[in-house]
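Got some structures for you, see below.
In the two assemblies presented below, chain A is common to both, partnered first by chain B and then by chain C.
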Partner chain A sequence: MPFIQDPGLVDEAKKAGWLTRLYRRRGLSGPVAAVLLLGFLLTPLLPGKFPTIVATEILIVGLFALSFNLIYGYMGQISFGHGAFFGLGAYATALLLRYFQMSAGEVSYFGFFLAILAALPVSAFGSLIVGFFCIRLTGIYFAMLSLAFGELLFYIVFSWYSFTKGDDGIQGLMPPPFFQNSTHYYYFTLAIVVMAALLLWRITESPFGYTLRMLRDNRNRAAFLGINARRVMLMNFVTAGIFAGLAGALWGPFQRSVSPALLGWAESGKAVFMTLIGGAYFLVGPMAGSIIYTGLNAYVTRYTVFWPLTIGLIILLIVLFVPGGLLSVIDQRISRRGTERESRERIPPEAAPGPENEA
Partner chain B sequence: MSGKILEVAGLNKHFRGLHAVRDLNFVLQGGDKTAIIGPNGAGKTTFFNLVTGFHRADSGRIIFNGTDITNRPSHEIARLGISRAFQISNIFPKLSVLENVRSAVQAQMGKAFDAFGRADRIGTGETERIINLCGLHSKPRVAAGELSQGDKKKLELALALAGKPKLLLLDEPTAGMSLEETRETMALVDRLNEELNLTTLFTEHDMAVVFNHARKVILLHRGEIIVEGTPDQVRMDETAQRIYLGMHHR
Partner chain C sequence: MPDFGSLLIQLFSGLSRAMMLFLLSSGLSLIFGVMNILNFAHATLWLVAAYLTYTFFQILSNFLANEALVLVAAIVLATGIMFFLGLAIERFLVRRMYPRELPEQLLLTFALILIFSDLIKLFWGVENRRIVLPIEPLEVLGSFVNPYFFVIIAAGCGIALGLWWFLHRTRYGKIVRAAVFSRDMVSALGIRIPVIYAGVFGLGVGLAALTAGIFLPIMPLSLGIDMDLIVQCFSVVVIGGFGSILGTFIASLIVGIVYSFSILFWPDGALAIIFIILVAVLILRPWGLFGTEMRF
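Coming up: the complex of A and B.
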């Protein structure tokens, strides 16, 4: 294979096997997801509790970013208020957990799962109301309105002290004994996030998923093909809100507390950052972004107080040099190599008998 | 299919001072193949925009197959069976040719909201048929945004056909195409009209295309119908000569 210069790449091509096949069938997200899953499964083997705790956060915030990307990467609108649904889910679970703790002393396993599930209808309802207004707009107006609604919900939670404890947040949340162990809770989170990601994969590869891409690429034309753009957008907004709420539900029992900041614009901005870092046009892009963002956040803050500066520089570099996100760089490298290989193996068109029919 | 498929009565549209469509009246019979011609700004595209619900009419009625479609939303009109191909190709650039057509087919099948089916297994037969019909079978995996101008127009037509239209509106279907592509595309339009009795209304600047392919011609000028008739009648008409055809003297 003289066209591969780097000897490392030759090795990689030889041992690729099932990953390469997965790439051909599913695109880059397939193999990346497989590698990430393996990594996540093995993380608790690392020494100390810290990596497991960081990985839990990566998964939860990663799921939040995945849900955001339904709106951004697939539907082509940018929401700066998506944190509101993450926060609503977190508060729904936290308030129920606190209620169970106060009435029964501790949370039963049934109560715990109920509290997690309660986040789904709450965030669905919240996103239905917000979505009802946002989907009337597109582009910058959509973004601004989502930001306004996000801040509105933030202030409601922030100032409704009797119900939400306002700025104090809700402290001292205790999951049932089994989930108090950080490794157990990590695997529980992993299971939920994997199921949610599979569901998201299913949705994005469904006809509905392609309808979203049509709206992203050319909204007017989609209407001329018989698609009710607003209804599609609303359904997607609520779907994204529910997945964000599920991520939020996992947050309280993990951090043992929730605070109004979870609904704020900074939280929404995290999803935007992570999606841009990882790559919006790949299903697993936001999760890859979460690994980088959350991972760096966890480790860089140990060594420097200049974390915001660091993340600012990273974003700057990505926007300037890799506008499609990290995964797009990898994808381009692989597909370029693939094309070279294919063009070498294929009969040159001049020599082929008659026109090519590969449909 | 015969009988009135489209009836336009007293249709008007103003853009501020401009009277873009002026008291338009005409009837399209099922199976017709009619061309609308006229200088730039005559109101051809505005008329298409009114029929497909993209613009709101100021007054008048548009009746399609017995249903009043005046000022109904575009997506409802599309679902009733009016498909439109655009003058400047209007496709989904990041999706492949296959995904473009397949998504349009799925929209026609009412699957746009199906979130759990597999997109790559629904409507694939119809998708393949349309791709072959429109001569795009050699590049199903190419991103639509990377196609040549002629191929984009073919895809444009493919998207319109995916809607299983009863009435096909083509806005300059051959603009930007090579002679060979023009011939192929118009042959396809003829075939669809003859074999499937698909009613077709098209605008075109190329008079050779108009007079070779239309069975009826409508000349529009400043939003008004000036002449209406067979290609020969329009060709011989003095007003038509003066306003428009004189410019295309060959």
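Coming up: the complex of A and C.
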């Protein structure tokens, strides 16, 4: 740290609050995550069930967006087929839940957790197959192949009526009685999402995570350093697919139904938007983006049917003027203020050079 | 096995669809070739043009009796407006995206899809629209065919020839092809690149608008058909190879005819077959049939 020799500033640093120390040690994601966690914990205190339900949705699609950002922000590729793994996880859970419901009449707690866990290998397998082909390409070709695979998976689910009930979707999914209460399910979701986010943090702040960043920034150089780009990219793709499947698993019991649209590119597009709004280069960026996107969606659709126009205009403005997302704006403001404060303290006002001091 | 009559109809339908895909994809391929921007919103702008042409047709029908004349006038008006809209979009939105990364460029055009789709919903509502021209069905080989198909195929070939002539025989077209090859050299020769880019984008959008107008008599308009179409256009451009008109032409034939015949056997999955072809091409030969070979 540059100013450590100046004793005055060391005292200043020691006086900084815990939030500032978290910022200095962990970057912007640290304090933002802390603030968000506090907000999420307190949400059910708001009146009515609507805030809790919206917050559950924010958490689930936020997890989906976090998984997408592994591919986009950390690996540098854009995938329009990521919704397919979300949908695969959702269907895996939904099919098992329906099986339990039909054979036993009610879902036991063991069955419920088993159904959620079942989503993980299914989405892992799906993303392994898709990823195997996608990682051989980059840029626009990666985007298009992922889109094509996503749509293919959508069509398989859509057409396989005997197994997935096609366009009708799977209705009437009920979690066990304790989780049918929206507040209980909300805290359950929050616990899972927090654990997943901690896992993601460990993954991205590991040598693996930094290898990903190198693949994003300069793939050739990574290859020269002996890194097997395809293996790392495939591992990352599958990891992202697993987390997306976990989010999908939570979605089914929440909405009490699943439909093939969850696998389509519209759903994938949502993850892209949320990541863009929040900021792709921050760990919690996609979650912040989810709060804004899902929250806006929940409240705007009460007043107007023209939600696509609204979100389209917002995306347009963000892409044009703030492509780093909301968190990048906050980050710039904070570092600017910090630098200004430090430089103001170093230079006494009388000796400051300026036009008025010139002889 | 469906009878010969319905096979013939599907063939014509496939050919006309192939023609539409070719005209639309040419614009897409041109824009990508010159400016390296993949215009996701190409089909949505096409739909805007179609609705616009429909409205002009309705208005002008009150003044002129000859439907063909009304249609031509409506097409000319709509194409002109869309050309200028294309210029405006390039000047104010797309131009800022040239120095940016690919994902941001894709997101810009994706946002345009959302905006224009909803604008269509705002101005024209959700009901389907169609225009009807009084044309007698023609009997060909035992089944009835709409003779307008021949008009479409002729018009499509005419436009394709016109595009080729423009790119290969006019000065402006040669500048455009040179800009695809080397933007910097063209700029160094004193030709203003921003003007070229704006022109190409406007040309692409105008071409889409022209296509929309020509196809209006045989195509009922509804919201959401642009999504189906843009995916097929991407498939065409990828299968044919970016930057190759011949590739686009062959790929349009493939996609158009495969799609039409799939509707006979597996209506819901016609698009899925196109996706399978797309996946196969991207895995085995990503640069398409006629594109320049690339290493990954």
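Methods note: the second predicted complex is superposed on the first by the 325 of 359 C-alpha atoms of A that agree within 3 Å, B and C clash if a C-alpha of one lies under 4 Å from a C-alpha of the other, contacts with A are read in each partner's own complex, and residues count from 1 in each chain.
Simple rule for what comes next: a contact is a pair of C-beta atoms (placed from the backbone, for glycine too) under 8 Å apart; a residue touches a chain by one contact, two chains touch by 3 or more.
Just so it is clear, the structure is predicted and the values come from calculations on it, not from any experiment.
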Three-chain arrangement built on chain A, chain B and chain C clash or fit: fit
Degrees between the directions from chain A toward chain B and toward chain C, using C-alpha centres, nearest 10: 80
Which superposed partner A:S206 touches (first chain B, second chain C, both, neither): first
Partner chain(s) touched by A:L313 [first = chain B, second = chain C, both, neither]: second
Contacts of A:Y72 with chain B and chain C, given as first, second, both or neither: second
First (chain B), second (chain C), both or neither touched by A:E151: second
First, second, both or neither for A:S328, with chain B first and chain C second: neither
Partner chain(s) touched by A:F133 [first = chain B, second = chain C, both, neither]: second
Chain B and chain C, minimum CA distance [Å, superposed model]: 11
Chain B residues touching chain A - in the complex, by the definition given at the top: 52, 54, 73-76, 78-79, 83-84, 86, 90-95, 99, 102-104, 106-108, 111-120, 122, 128, 131-132, 137-138, 140, 159, 162-163
Chain B-facing residues of chain A, complex: 202-203, 205-211, 213-214, 216-218, 220-229, 231-232, 235, 239, 281, 355-359
Chain A - residues contacting chain C, complex: 72, 78, 133, 136-141, 143-145, 147-149, 151-152, 155-156, 158-159, 269, 272-273, 276, 305-306, 308-309, 311-313, 315-316, 319-320, 323
Of chain C, residues touching chain A in the complex: 38, 93, 96-97, 100, 102-104, 106-108, 110-115, 117-119, 121-122, 231, 234, 238, 268-269, 271-272, 275-276, 278-279, 282-283, 286, 296
